[in-house]
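One structure is given below, encoded as structure tokens.
Order of writing sets the chain letters: A, B and C. Residues in each chain are counted from 1.
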Amino acid sequence: MFYREAGEFKTSYRADQQTFPIRLDKIGFILSLFAAFVIIPITMSEYWAQAVFLPFLIFGIAAIGLNILTGYCGQVSLGSGGFMAVGAYSCYKLMTSFPDMNMLVCILLSGGVTAFVGLIFGLPSLRIKGFYLAVATLAAQFFLVWMFNKVGWFYNYSASGQITAPERTLFGYVITGAKAETVPVYFVCLGLLVFLALIARNLTRGAMGRKWMAIRDMDIAAEIIGVNPLRAKLTAFAISSFYVGVSGALLFALYLGAVEVGEAFSIQKSFIILFMIIIGGLGSIFGSLVGAAFMIGMPVILKNLLVSNLGWPGDIAAHLEFMIVGLMIIIFLILEPHGLAMLWSIIKEKLRIWPFAH
Amino acid sequence: MPAEFYFGVEVFLNGLMAGVMYSLVALGFVLIFKASGIFNYAQGIMALFAALTLVGFQDGQIPFSHLINAIFGTEVHHFGWHLHTFFAILAALVVMIVFAWLVEKLILQYLVNQEPIILFMATIGLAYFMEGFGDLMWGSNVKKLDVGIPQGGNFWIEENTAFLGGEDFYGFYLDNLDIYATVIAAVLVIALVIFSQYTKTGRALRAVADDHQAALSVGISLRTIWVIVWAIAGFVALVAGIMWGAKSGVQFSLSLIALKALPVLMLGGFTSIPGAIIGGLIIGVGEKMFEFLIGAPLLGGATENWFAYMVALVFLVFRPQGLFGEKIIERV
Amino acid sequence: MKKQQASGYTTADGRKIGGPVMEMENITLRFGGVTAIQDISFDILEGEIRAIIGPNGAGKSSMLNVINGFYHPQDGRILYKGVERKPLKPYEIAHQGIARTFQNIALFKGMSTLDNIMTGRLTHMKSSMVSQALWWGAAEKEEVENREKVEKIIDFLEIQTIRKTPVGRLPYGLQKRVELGRALAAEPSLLLLDEPMAGMNVEEKEDMSRFILDVNDEFATTIALIEHDMGVVMDIADRVVVMDYGKKIGDGTPNEVRNNQAVIDAYLGVTHE
């Protein structure tokens, strides 16, 4: 009885198409934004910021990116880790080669470089489809990690092979390096996430989104009704890689500070991002964020519960985490391939008529 | 002939044997893919789990001891007995068969009509689950696997080939373990080929691989076949786990072998047993020769990490079905 | 077979038929050792409803696939609106104004009815990606304009109640209607229908026939359709092409074709008292 759209009639197509047609949803959205921009930055502890919020914002961007490619356009990619590395290393090279470059420009340009690389690795998608493409993206993953490890130019020939982010400021606040302040970093990440999520939402609800989904659902039919498959797929690769690259740049420069490519951008990361969109919901921007929240939040909650409260050793928590994630993936694929986002839609649908059964 | 040439030949032979090991893992994949259209990403973790279980039985480990100790504050680790290798292998095999049955009952039967990519992702989920489960059950420390296969270089071969190549060449260094692995793998492959071609169950397997509906209509139980296939794949995983585990210890990296099998399959075709073998050999030799000739001297080494994938990628673009796979035809 | 007159005529019910939209000249199509289409020539005139009939395996679907560019014939010429057509990709041909439906429905199962039909408008939607990314302004305006056009088609096909339903959940007959809607949304010059009545009962066939006739009447769309139901063909087709084993064995009005001995032998048969 609370949650309903009875009485809410749309009188124009414009109103029908908006992102939050139900008023209660819109209010919920505004409240979340308020919480994100005002309440959380004021009240968050350093631990929660570093353990939960910052990774959520950063991986949320990556999840949206992968969802565009895999969830909307149907091109499965297991190379997200490698592309995040491209973003991180581009950022590093830009920061060290152009010390006066504005940090935001750096990050966006890193995304651009990654988009270009994504375009190239997306070329095989014209001949290879579905599961075979997934395997081809593995080639990208392993090759990129090897390349950033071996080719000295990428890490400025440092002895350790690590890349470290020099200190940079934005609007007077230090956001990279050892003296970075958490709250400005939070706002940079949050701002980028909101902006990029908005753009993703716009792209996916318009003609481009329909082209991608047509390719995903039946690419031969899509071609026959006028979609240029080469263009559509490459666009998906490019845009998706842009997002993943931005995420990688943020992960390196604003969060980790120093990165070793084999650890930070391994295939495990590719899987984690994939899991985010499976659990959260393929083909849903909201789902990408829900999935990111789950994959970031669950280990933290588990660790706090088991280790801090029950005193169990840390590795048991890690093993249980693997089991839970694996189980969730299987359960979601069996019960609800469209993830938590679809479950949420179904709950809302039931709420619409609650407390009546039909 | 200069010593360099013989070093090259040695690299080639080692490559062949590495290739055999790859083929062994790839075989498990081909079996499951042929029968159910699923690419079982969990095959690698199955090998790890099988090896862990074997060692666990051999050493008389208590399953989940770590967890039990954490909950109850106890300090138990072993039962105190040791199981003879032969029985440990049998026990591990039984565990893998039970595993196959559970996988079919709890996962596969619910995903029957889904697209291949969904099934693939389900096996990734299974792999993650089994990794956590295996570690929880037997502990995540590295274990030594000893089933009585001799290790170390084979002296007989080394001594008897030293006459080639002059004084800088000391004879072909071929590891005993690798030689045993090659022989065992060859036997396994022949057995599998005979099984699939000449037995009733094997024929049923091939029928299912070809067309689920048609197989159902002649009375073949899909679910039984799947259990059988996964059990066989489990057996292959056990053998692979033993071989690899004996070589480098039973640890997590064993599961990454699954990833190595992928290029083998792309080269050989996902549905072909001879393809898995030849693909494995080509990748094994190719990797080692590339590293020897180009990778180490010119590219700074460690090219084995990605060489196989690049080869597979090239194949995928020009010949998507691999060398021996079935051609993929799309109809409107 | 003598070639049909190259310019228009007037039908029995007074519709004016114009010049040729599609001319197939000596088309031969081979797949490996199999010749699917052998030296076939016929034309489709503007504004008419042209039926392609024949027994199964005659090569009808292949012919349709040649028309919309999915297959390229090894021999022969294709003239579209009087201009010889070079081998083009299917999506390029879609942009030229040819739309079609499929024998086994080729809808996008992950999308709703509305979205599916909106995909039919893709050849007319021109806003750039940047514009779409920023949404408010040009992209939104175009989206609303096209939505209006699609809603007209939804009204025409009487599928308002299912516009937000994912098409995978719709019954077969409705799916076929949505597919027709998607093809209509493209505002095609030539509409190809591959067995639009397949699997339908009598009522559904009547509905679909009415829609096809209305499309031809209201939007003046030229239609080529493959169909097995001879009653339907006799009722709605202006001219008929008959194929058998890849060859053309009849070409003319439904009455002419009905009385053609070769067609009777191969396909129609005779009624026995």
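In this section, contacts are C-beta pairs under 8 Å (C-beta built on N, C-alpha and C of every residue); 3 or more make two chains touch, one makes a residue touch a chain.
The structure presented is a predicted model; accordingly, all values stated were derived computationally and were not measured.
Common neighbours of subunit B and subunit C, listed by label, are A.
Per-pair counts of C-beta contacts peak for the chains A-B.
Set against the Cα centre of subunit C, the chain with the most distant centre is B. Between subunit B and subunit C the centroid-to-centroid distance comes to 52 Å (mean Cα coordinates, whole Å). Averaged C-alpha coordinates put the centre of subunit A at 43 Å from the centre of subunit C. Computed centre separation for the pair subunit A/subunit B is 33 angstrom, with centres defined by C-alpha atoms. For subunit A, the set of residues that touch two or more other chains comprises 220-221, 224.
Subunit B has residues 332 in contact with two or more other chains. In subunit C, the residues that touch at least two other chains are 70, 102, 106. The touching residues of subunit C, counted against subunit A in their complex, run 68, 70, 89-91, 94-95, 99-100, 102, 106-111, 115, 118-120, 122-123, 125, 127, 129, 132-135, 139-140, 142-144, 147-148, 151, 182-183, 186. Touching subunit B in their complex are the following residues of subunit A: 76, 124, 127-128, 130-132, 134-136, 138-139, 142-143, 145-146, 149-150, 220-221, 224, 267, 271, 274-275, 278, 310-313, 315-316, 318-330, 333-334, 337. Those residues of subunit B that touch subunit A in the shared complex are 39, 66-67, 70-71, 107, 110-111, 114-118, 120-122, 124-133, 135-136, 140, 259, 262-263, 266, 299-303, 305-306, 309-310, 312-313, 316-317, 320, 330, 332.
Those residues of subunit A lying in contact with subunit C across their complex are 12-14, 17, 199, 202-203, 206-208, 210-211, 213-214, 216-218, 220-229, 235, 283.
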